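Listed after this line are the structures, all set down as structure tokens.
Here subunit A shows up in two complexes: once beside subunit B, once beside subunit C.
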Partner chain A sequence: MADFTIEYPGTLAEALSFLDPDDPSVRPVGGGTALMLMMKSQMFHPTRLVCLSRLSEPMTGCREDGDHIRIGAMTTLSQVEHSALIAAEFPVIHNAMKNLANVRVRNVATIGGNLAHGDPHLDLPPIWAALGAEAIIHGPSGQRSVKVEDLFQGYYETDVADGELITEIRVPRLPGWRATYRKVTTRALHDWPAIGLTLAARFDGDRIADIRLVLSAAVDIPQRLRGAEEVLRGHRPDAMLLARAGDSAAAEAPMEHDSRGSVDYKVHLLKVHILRGMNEIGKG
Partner chain B sequence: MSATKASHAIGQSIPRLESRDKVTGRTEYVHHFVLPGMLHGKILRSDRPHARIRAIDTAAAAALPGVFRVVTIDDIRTVIPHPYYGPAFHDQPILADGKVRFAGEPVAVVLATDRHIAQQALELIDVDYEELPFVENEIEALHSDVRVHDTLKPAATFPDLKHLKGVRDTNVALQYRLDRGDTEAAFASADHVFEHSFKAQPVMHTPMEPFVAVADMRDDRLTLHTSTQSPSFVRIEIARLLGWPENRVRVKVPHLGGGFGGKLYIKLEALVTALSMLARLPVKISLTMEEQFFMVTRHGCTFRIKSGVDKDGRLVARRCDIVWNGGAYADIGPRVTQKAGFTSAGPYDIDNLTIRSSAVYTNRPPAGALRGFGAPQTAWAYERHTDIIARELGIDPLDFRRRNLLRQDRPQATGTPMTDAALLPVLDRVAQLLDWKTPLVRSEDHILRGRGLAVGLKGITAPTTSVAIINLYADGSCGLYISTVDMGQGSDTVMAQIVAEELGLDPASIRVINPDTDVTPYDMATLGSRSTFHMGNAVRRAAADVRDKTAALAAALGLPEGHNVPPSELLRKKYGMQAGNIVGVGSFIPDYQKPDPATGQSQKATPFWGIGACGAEVEVDSETGHVTVTKLVSVGDIGTPINPRLVTAQLSGAAIMQLGFTMTEKMDFSDGQLTNGSLADYKIPGLLDIPVSFINEYVENTQGTGPFGAKGAGETSSIALSPAIGNAVSDAIGAEVTETPLTPETVFRAMQSASRADRS
Partner chain C sequence: MTTRHISFTLNGRAVTASVQPHENLIDMLTTAFGLRGARESCGQGLCGCCTVHVDGQAVSGCLFLADMAEGTRIDTIEGLGGADGTLDPVQQAFIDAGAFQCGFCTPGFVMMVKTLLADDPDPSDDTIRHYLSGNLCRCSAYPEIVAATKLAARRIAAEGRP
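Coming up: the complex of A and B.
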């Protein structure tokens, strides 16, 4: 680790001024839990770190905004975990926190950093994607928003350019939807998932009126399983249908072998958990 | 020298002497240690599993501002002409010498005042490699054309390896043999013959304190501050490398943050010694957690086991063929091969036995001792094999074991009698804790339940020596000088209890002086469950010596027998003031008979028997293969406990560690490269993985030759835990698992192949 500078901007404008669109060795820092590991393992050598810890609203906190909920990018995972608003609106996020990293990490890791890191093994990004959330991004040329589903461009690659910052996540309220995140670990219980599967659905009686399935961890980026959604949408989720959805999901997900399991095994897990996940949210 | 008064210190669960310092962050570790002018070394490691080194270009790294020097083997030769070390074979170079033999092997070191600069400079070193074909699998290595070493180089210190010197064209470092009876004839006449093959994976010790050493070379004196389990060995081996007498090398060891057999023999010590000689400054190397994977591992192995059983369900013959993946350097692997070899037929009374146990070189990180010295890998095989046989014969696995178990004083495979070995009591207690005879609710929804037990044994490295000194100071307080390393197991406390018992003192008042070879006497090492037994006996003798010398002093002063003048008063009478010492010395080496090299037979192959049984209840997800261990029971024979709470902590600690080796831990390799060398990808068990019902107990027993009836307890629950869980899993799924770790995918595949077999 060679020498580098660290800046503590007090405003968003100041933060943006410290970033450099042409220098990937200048990076913003949220909680630093991921960045420090990359520095420790010599994967990243910074010249300047821009620490966002002194920025305030809208970068911090969870609030209601009409038919959306907005979460500041510097809100820690613990703050989201203990937010009554989030627990009421998005129980799937609340429930995922318990098995996400550990309390020390959750106390410092931030919602925005968690998205910007682009690590496909993380638990929250696929859930945000399934909930239809969007990331608000600020940069030298102003503000833009990108659906979380479209934010990821490759393994550890996102649509956020050098010089830009994620400032907020904006999540539509989803009345009538039920969602679950299935974190499937295959080594120690507390581990990166072999596969992560988010299922979010709205039911019309016993039929699936609408559904979003997002696969993560076994693929380079959180991925919508649109073929499987198509199989399920408008139908009653019986075992036959769920098996067909599983086959479709397996066909459209380019999963990779790693120390958490072979491709065949992950395909099998995906099918099992589509079934179990649908049974879980189908019961309401 | 039996205790004459009622015990006041033995059998008491007194708190660890060092616990307050540890929990308040004041305990001394080598990682904290700083000397004026000290340089930091960072190691450049090979990224090839097997290659010749054509050239190393260090110029750019050396030119980086802040870099003191870049060192290769050529530099090291200028201060240590024969830079090869190892406890069994002198096969390991201090840095790669013209060739690398595993990916991760140290090739060069950058020295700098700032370790970050040293780290940065590593990227500027250019190594020109000529890649060589490599061999990873132990079975392939037996017959491969790839030679990891050109010739075998046994160390002179082990006379039984002398015949291997200069042997060429083989990857087999050593083959251990044991023959008893006529195995082939017994197979021919047996009513049933069973043969199975099992595999165990390489794993890492994972001490929370990574390897660290500081060398301080001053003129003709060297001081090493190192995180080692074997200070006496380090001094002897470093003195050999330098051609110096032992008294010019000083090895100091504070507390360790875990060792588990990894921090034995030479690890970083030879390297930092050479670096300090070259730099003429103190040098420190602190490994990262990630680098630990390249230092030493547990042996992976392949174990083929064949048994003959008669019509009454009695084992009549067994053949064990074990091949150990020793990695690129032998380390203590040849001893693991022998020690685990001689108990590899299990705790059963079998008249006809053939054992072949081979240590094999491969292009993997070196393998050495790890909590159990190979016994857990062999028990994985023989106890899974036992269950399969019992099931196929339709005999209850507990009954089958009881029918065949070695009873008190019966000869084990070596011919050594099973004296003071509570095999049956530990097995029966496990069965009782599992409620063995009560049927389980077998399945529910997609959950399959199963139950298993296993029992195993372990021999203890022999013959080894411990020496202890007790110095009774002028005021009657005392210091205990021992080279036993307290690495978390609580040896300081246990040894203080022994002194306290013998001298009638409060254990908490005994000052235990940590290893410093200038001060503390010889001890072979802190390994293989030997300290309580060996050092405990030596300490007890040292205390008896203090008592004898105190009595002699009283007699010389003309005091009558039965006087009650305390030692401090005796010294005051003798010297006229508060002055003087009473120094007691004790040493211990157990009775031992060298095994016959042809047959492995010996009447005294081990100083005592390590005995443990385990039981498990599991729930298996029938759709995914996920295993939940719902109940885990370990019952050990640890003789008579000196500190019951420390014994229980040892039992539970070993059980959790072995649970990791059974369920989650595996060093994954692809094309000769380790692919999961960090704790993010190499999973040791976390709190959530510990079974809800987790029971650790010992049975009442007395080791006649042990101090106050005690024997070692550090590895007891390592031995039979893996097969207990494996047996429970196989019981649940109705299919055989043969390979650890029992990942969901491994179990799922076993279920699939069983259901395929059912259909066909």
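Coming up: the complex of A and C.
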């Protein structure tokens, strides 16, 4: 293992000054759970790690901000799991935590690291996307925000540049919306899912007033299934309609064969879980 | 190699250690302190054999940079028993319930059960399974481990001590 240094900036400005827009071997550390695995497997050789653990608000904690909730990038998954605010506003996030990794990983892994890692198998990024959340990003030239839906550019590739940091996630409160995340793994919880499917919808009586579907794990990046959404929007979700939505979703999702199943198998899962997911949130 | 000197609290004592940047907590606990209760097995956060507490929270020592221990409080299995050799109620319950065969996984399970009982002194079977789902026992002592957890919970409640 080649030598490297570890810095502990005390402010956001200091953190940004330790990063280097031109050097991918300088990386920020949230909890380090993903970075440690990449370093152990020799996939990543750092020259400098910039540990964000000494930064405080807005990088830490969950808070209300008008019709949004803001979550600091350094908030651990356990803190989000046990936040009464998150459980009340976004039960879908609260519920997903129980089946995400294990207690020890959640105690250390951060919301920002989970998002910045860019792994399409992770559970939270597709849910943030379906909730319409945005990532607040700070860099040498100031602050910008990107919808989580648009954050991912390819397998392990994100819109966050070297030299930039995700500081917060900002999630709109969604009164009247109901959401579910369906993670389909082959048995053990540490298995990456064959597919992940997030469904978020608002109903008007028994009709779907608005809906967002996000597919993850079976694709390179969490992906909105806009064709299937179009099929469902404005209609009553009966079996015929859900079958049509499933066909549309299967046609628009570029799923790939891998150790977690064939394309046929994943297409089947996708259709089944659109049906079950809609039944789940349709009941209220 | 850049060596840094860090200070932290280990099992209630203020200590210092020299660490190299790539070392994890388990590397440091074994080389600098000769503590071998937490051991690296899978090295990936999955098995729990390396469980230690950092500032009261269970973590996988195999995925935690030693350098980041600066200023923290670290507790390991070696710190659980009393100075006179008495065992922690969780350790004693594991013995009484026969909750191990080879014992390789035991320190990790005991440290996870300590966390569990701190969070929930009277856990349901579901909660026990949930907390321990990240710990693997190749001897498959799972039923006895669940029984030991309940036994420890009952004894701690009866004694009225943590």
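For the reader, a short list of remarks on this structure follows.
Keep in mind that, in the parts below, the second predicted complex is superposed on the first by the 281 of 284 C-alpha atoms of A that agree within 3 Å, B and C clash if a C-alpha of one lies under 4 Å from a C-alpha of the other, contacts with A are read in each partner's own complex, and residues count from 1 in each chain.
Here is the rule we go by: contacts are C-beta pairs under 8 Å (C-beta built on N, C-alpha and C of every residue); 3 or more make two chains touch, one makes a residue touch a chain.
All figures in this text were calculated on a predicted structure; none of them were measured in a lab.
Residue contacts after overlaying the shared chain place A:Ala84 against neither subunit B nor subunit C.
In the superposition on chain A, the chain among subunit B and subunit C reaching more residues of subunit A is C. Across the two superposed structures, the residue set of subunit A contacted by subunit B and also by subunit C is 1, 37, 40, 189-190. Across the interface of their complex, subunit A is touched by residues 116-117, 119-120, 123, 288, 290, 623-624, 626, 663-664, 666, 668, 675-676, 678, 680-681, 683-689, 743-745, 748 of subunit B. Considering their complex, residues 1, 3-6, 8, 29, 32-33, 36-37, 39-40, 49, 51, 53, 78, 98, 101-105, 107-108, 189-190 of subunit A touch subunit C.
Across the complex, subunit A meets subunit B through its residues 1-2, 37, 40-42, 184, 186-192, 259, 261-262, 265, 268-269, 272.
If you check the complex, the residues on subunit C that touch subunit A are 1-2, 4, 21-22, 24, 43-46, 48, 51, 57-60, 62-65, 67-68, 70, 112, 115, 130-131, 133-134.
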